[in-house]
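Next come two complexes, and both contain subunit A; in the first it sits with subunit B, in the second with subunit C.
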Partner chain A sequence: MIVEDVLCPFCGCLCDDIKVEVEDDKIVGVKRACRLGSSKILGHERTKAPMVRVDGELVETTYEEAYDRTARILKGAKRPLLYGWCSTVCETHKKGILLAEEVGGVIDSTATVCHGPSIIGIEEKGLAGSTLGQIKNRADLIVFWGANPAEAHPRHTMRYSSNSSGMFTPEGRRGRKVIVVDVRETRTAKNADKFLLIRPGTDYEVISALRMIVADKGDLVPDYVAGVAKADLEEVAGIMKAAKFGALLFGLGMTHSRGRYKNVDNALSLVADLNGFTKFVVMAMRGHYNVAGFGQVSAWETGFPMSVDFSRGAPYFNPGETAACDLLARKEADAMMVVAADPASNFPRMTVEGMAEIPVIQIDPFPNPTTLLADVVIPSAVCGVEAEGTAYRMDGLSLRMKKVVDSPYPTDEEIIQNILDRVRRLGDDN
Partner chain B sequence: MMISGRTLGQGATSEAKMSTEFFRATSFCALSELDYNALGVSEGGNVLVRTKFGEVVVSAKKDKGLPSGVIFIPMGPWANALVGPETGGCGTPQFKGVEAEVEETKMVVLDVRELFADLKAGAETS
Partner chain C sequence: MIIKGGFVYDPANGVYGEEMDISIEGGKVVEESRDGKEIDALGMLVMPGGVDAHAHIAGAKVNCGRIMRPEDGRRGIEPKTKLLRPQTGYTVPNCYAVGYRYARLGYTCAFEAATPILESRHTHEELEEIPIIDKGALTLFGNNWEVLECVRDGDLDKLAAFISWGLSASRGYGVKVVNPGGGEAWGFGGNVKGIDDPVPNFGVTPREIIRGLMKANEILRLPHSVHLHTNNLGKPGNYETTLATLKAVEDIAATRDRQVLHVTHMQFSAYGGTGWRDFESKAPEIADYFNSHAQFTMDMGQLIFGSATTMTADAPLEYGNARLLHAKWSNHDIELEESSGVVPLVYGRKMPINAIQWAIGLELALLTKNPWQVIMTTDHPNGGPFVNYPEVIALLMSRAKREEELASLHELASKRSSLPSIEREMDWNDIAIVTRAAPAKILGLPEKGHLGLGADGDVAIYDINPTDLDPSKDHSKVKEAFAKAKYTIKGGEVVVRDGEVVAVPQGRTYWVDASVPEDQAAKVKADLVEKFAKYYSIQMSNYMVQDAYVTHPRVVKAGVI
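Up next is the complex of A and B:
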């Protein structure tokens, strides 16, 4: 049996045209997905059963025991951190936020090690946004800044941006100009009409120089900015101003480098400036398929997009203080629940050392380095393959993830609900 | 200057991090041809990368797209051994643009389990 129009639960592209071949409730083939998506849909080694750590070793247990232990850890902690949420659906986020409120903890998403600075930049400056459909159908200029979709979002260029064909862009790649700005010549850069090689950590300077040139104050710009010749900057500014519909798509090159949210702030200002001359939009190339969804749910439930602290009884947000990495590096968190993420791999080593010292609960379909540090491991169904739910594409479009096959594992949503029920019961007993 | 980031190989194995494919996809350091040759690394050889936050042994690879003075390590626990915890008030560590020193080494690359082996030992179990 072929299941049509399956949504891919990998990256923020959330491709919705995948064909999955199912035989005897098992996935045997995937069509149209990229290497990243097909690898996830076809499946990997799973965590087989719930586990708890006894005398330093993880031993199998029942779901009931794992839920009980999780509830006791969270209830007993003074500063529990509930982190992750990027590879699960919005229905799980909703329950997670309730749980964080119930235990007076901090809830944070993987955005804080990814596009968190973009969100802070957007809060400061505002965003001239669009959907991916508008970019596909209208954009005649695509600028990838510190983004390498050829490796991180492999179908982005074909479906939505530089190489896609749309209503007013029938010529596809031939009808468009593509500019890439990066610190190395990536695979994406090889597809560019114009590639600007900048030194790491100089995004802010280069953007500022472009803004000066766009504003006709180019005579104040020195001959070289961060190693880039002024003539090249003038050429890029010229192409930007001449575009009918430009789109600046930026990646972690901006948010992970010196300047972080200020780089994004400046890029948003450049786009605002360009809108004085032509139509220009800007978008963050969000990584995991539903990291954007957590931001949406958290914003409408708590008023803040991430790093929300409930210890005061009302939501409080101050990244740098209440973000996961900060809480761990300061050794402030005294318990951590990780849902659909792998901080042991993706946080700095010195931050991970803070994780190793406290009880860690992991809810995830797959074993990973976080499992090696976990005291309770609860395997779950894979959202978008074994469980349905809502996810938000990188442009903020909400889409319904399908369930393709049955799973012996409970969904993330069921797991969090079970833990929440037990935490509430523990509250009643006290 | 060390930068870390996503690659196809890292992404395709990111839900299978205990596999040898993930190890192969993320435990290397890409260097410009000039830097690679200057270090005198033998074919398939390893390098020791050191920053003020930590050090790690990874295998070395040439990458024509890299300018001299910039090294690239795919995102994962090897790259993160070199990244500092400071978040600049915005919650996000600086994963790109870390000053680093690279030297040729005969030491072996630790696998995922070995990298995390000492961490949980001695920690309190709940």
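Up next is the complex of A and C:
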């Protein structure tokens, strides 16, 4: 049996045209997906059963015991941190936020070490964006800044950007210009019409120079900015102003170099400025398939998109104080639940050391380096393959993920609900 | 349940302040209730639950406002309780606050004013999280490529079939049209300048789009009329566009007992002047026109001083706002369908333009003689947040309050509007019309906005004795009482007591299922198959809002067959 139009639970492209071949409730083939997506849908090593750490070793246990242990840890903690959420569906996010409210914890998503600075930039300036289809149909200029979709979002260029075609872009790549700005010549850069090689940590200066040139104040720009010749900057600014519809698509190269959210703020301002001359949109190239979804759910439920602290009973949002890394670095968190993420691989060392000192609960279909630090491990069904639910694409479009095959594992949503029920019962007993 | 002894205002049923009992059972108003429950409303004001026909309360735009405005989220924070989720925000409250705050005002129903089909799933995700009230969403059609092509080809039956499909795909309630043609032009940074300015690449004019959608709306006999946000909204001199638009559709007749066109947040479309320097009110001209054209309705879009978050599918307007005010600017274009923008701003009493805008909303409501034609809104949160409805009620009921306010405003509010000379003060019956009876009638909700037999058991009880209190003098008491309902009853359940939420049932979501002939539906489907293959960035099979997103539906049937 072929299941059509399956959504891919890998990256922020959230491709929804995948064909999955199923035999005897097992996935035997995947078509149209990229290498990254295929490998996730086809599946790999799973955590077989719930585990708890006894005398330093993880030993298998029942789900009931794992839920009980988790509830006791969260309920007993003074400053529990509920982190992750990027590779699960919005239905799980809703339960997670409810659980954070219930235990007076802090809830944060992987955006905190990813596009968190982009969100703070948006809080400063707003975001002039569009859906990806608008770019596909109209954009005659694509600018990738600190983003390398050839490696990280393999189907992006074909489906949505450089190489896609649409109503006003029938010639696809031939009718478009592609500019890449990066600190090294990536595979994406090799496909560009113009590549700006900038020195690491100079995004802010380069964006500022472009803004000056766009605003006809180019005479104030020095001959070289961050190693880039002024003539090159003038050429890029000229291409931007001459475009009928430009799209600036930025990645972690911008958010994680010196300047961080200020870089994003400046890039958003550049796009706002360009709209005085032509049409321009801007978008963050979100990494995991539903990291954008957590921001959406958290915003409508708590008012804030990430790093929400419920210790006072009301949402309190102050990244820099209430983000996951802040709590761990200050050794403030005294328990951590990790859902559908792998902070042990991605967090700064100091914060991972913080994790090692506190009880860690992991809810995930797969073992990963966080498993090594976990005291309770609860395996779950793979969302988008074994469980349905909602996810938000990098452009904020919400789509429903399908369940393709049955799973012996409970869904993330069921797991969180079970923990929530037990936390509430413990509350009643007190 | 029996609500005993209140002064009941139920204008739809000709009840004007009579002391009478209201019985509710099984969620509906009935002749007699035997469940033994009693609510003592002696000496209090009893009205049907409030109905908001136009507010931006759910979906991508609203959440965009929340995300870009943490400073707004930090206002109005209330911690969780045993019963309630935490609340945040003033202009862009979180979902829970939306439900609780409406209920506290005695409102039991509110409609989200603008949702693109493609992003309706998101809208419904938020509507599902809004507790207590019933709700629905109006679907955007005014810049949709399929609409523009049907209008260009003059194929009204196909257009009707597309509307039917779009309402079903979005689980939407009615046809919303925002700056028709302008949203498409904004795809390349342009706009349309008036109703006869052709839309680039499509060869149709806003006049043709509005007429086509209105005719198709009437072919489908939809419960609600077309709901229009005019071209040139927010610009000085735009009253001419507004009047030209209305004149362009005078020949179209409604196929149901309701208006043929609802023009929304009229305050933003009733401006005179050639620019901001000679900006002035043209509300009297608009009201005059409505006084002789009973087939049209409007809502106020009243401005409230202080913080607002403007959000609209009129994206070029928002770009203009942001540049004018040096404000934060978000924009969101939706492939093949719409564009939109969000800009936070502050309305100042001493700002001449804002002061005149404030006067215009009140002029419209007070100069339009028939209260069934002009309903109360603030275009939440564009004119200001809906929690200020009690302030607007007090202003409509008291000339003294208006004079007090005018004295604190920039003097141009008095010079460039007719407000100082308006003597009219609305009475309780007028208020019951503009806040519940008329919005329900305009939306086409026969079980809302009144307390006749079979109506929904939605009742608001305010601690006001209308025989004692002179709202003209005691306007502060009016405002206070309307801000905290003594009781709000939703579907026969007490949800608010003494201004506090005491129960949190899940409301229903209205959507319209309009039937069309199969051959027309097939023509639309063929077009859409091609559009998904070539232009949309998702598959057609993943487009439609799934039932999982509307867990408590109230499906209203309409259509050709």
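By definition in this document, the second predicted complex is superposed on the first by the 430 of 430 C-alpha atoms of A that agree within 3 Å, B and C clash if a C-alpha of one lies under 4 Å from a C-alpha of the other, contacts with A are read in each partner's own complex, and residues count from 1 in each chain.
Here is the rule we use: contacts are C-beta pairs under 8 Å (C-beta built on N, C-alpha and C of every residue); 3 or more make two chains touch, one makes a residue touch a chain.
These figures come from a predicted structure and were not determined experimentally.
When the two complexes are overlaid on their common chain A, residue A:G427 makes contact with neither subunit B nor subunit C. Comparing subunit B with subunit C, the partner in contact with more residues of subunit A is B. Once the two complexes are laid over each other on the shared chain, residue contacts for A:R400 go to subunit C alone; subunit B is not touched.
Once chain A of one complex is fitted onto chain A of the other, the partner contacts of A:P408 are absent, as it touches neither subunit B nor subunit C. Of the two partner chains, subunit C is the only one touched by A:K279; subunit B is not.
In the superposed model, A:G313 makes contact with subunit C only, not with subunit B. Legend: residue contacts after superposition of the two complexes on their common chain; A:R260 is shown touching subunit B, with no touch to subunit C.
Every residue of subunit A that touches subunit B in the complex is listed here, in rising order: 10-11, 35-36, 39-40, 44-45, 53-56, 69, 73, 108, 112-114, 116-117, 120, 148, 151-152, 154, 183-186, 189, 197, 199-201, 252-253, 255-258, 260-261, 287, 306-307, 319-320, 322-326, 328-329, 342, 344-353, 356-359, 365-369, 371-373, 375-376. Residues 1, 3-8, 11-19, 53-54, 63-67, 70, 72, 75-77, 80-97, 112-113, 115-116, 119-121, 123-126 of subunit B touch subunit A in their complex. Contact residues of subunit C toward subunit A in the complex are 58, 60, 62-64, 66-70, 73-74, 77-80, 85-89, 92-96, 118-119, 121-122, 125-126, 129, 145, 186-189, 201, 319, 322-323, 328-336, 339, 342-343, 534-539, 541-542, 546, 548. Considering their complex, residues 4-5, 7, 16-17, 90, 94, 101, 119, 122-134, 136-138, 159-160, 166-168, 244-245, 272, 275-276, 278-279, 281, 295-297, 299-305, 310, 312-315, 317, 390, 392, 396-400 of subunit A touch subunit C.
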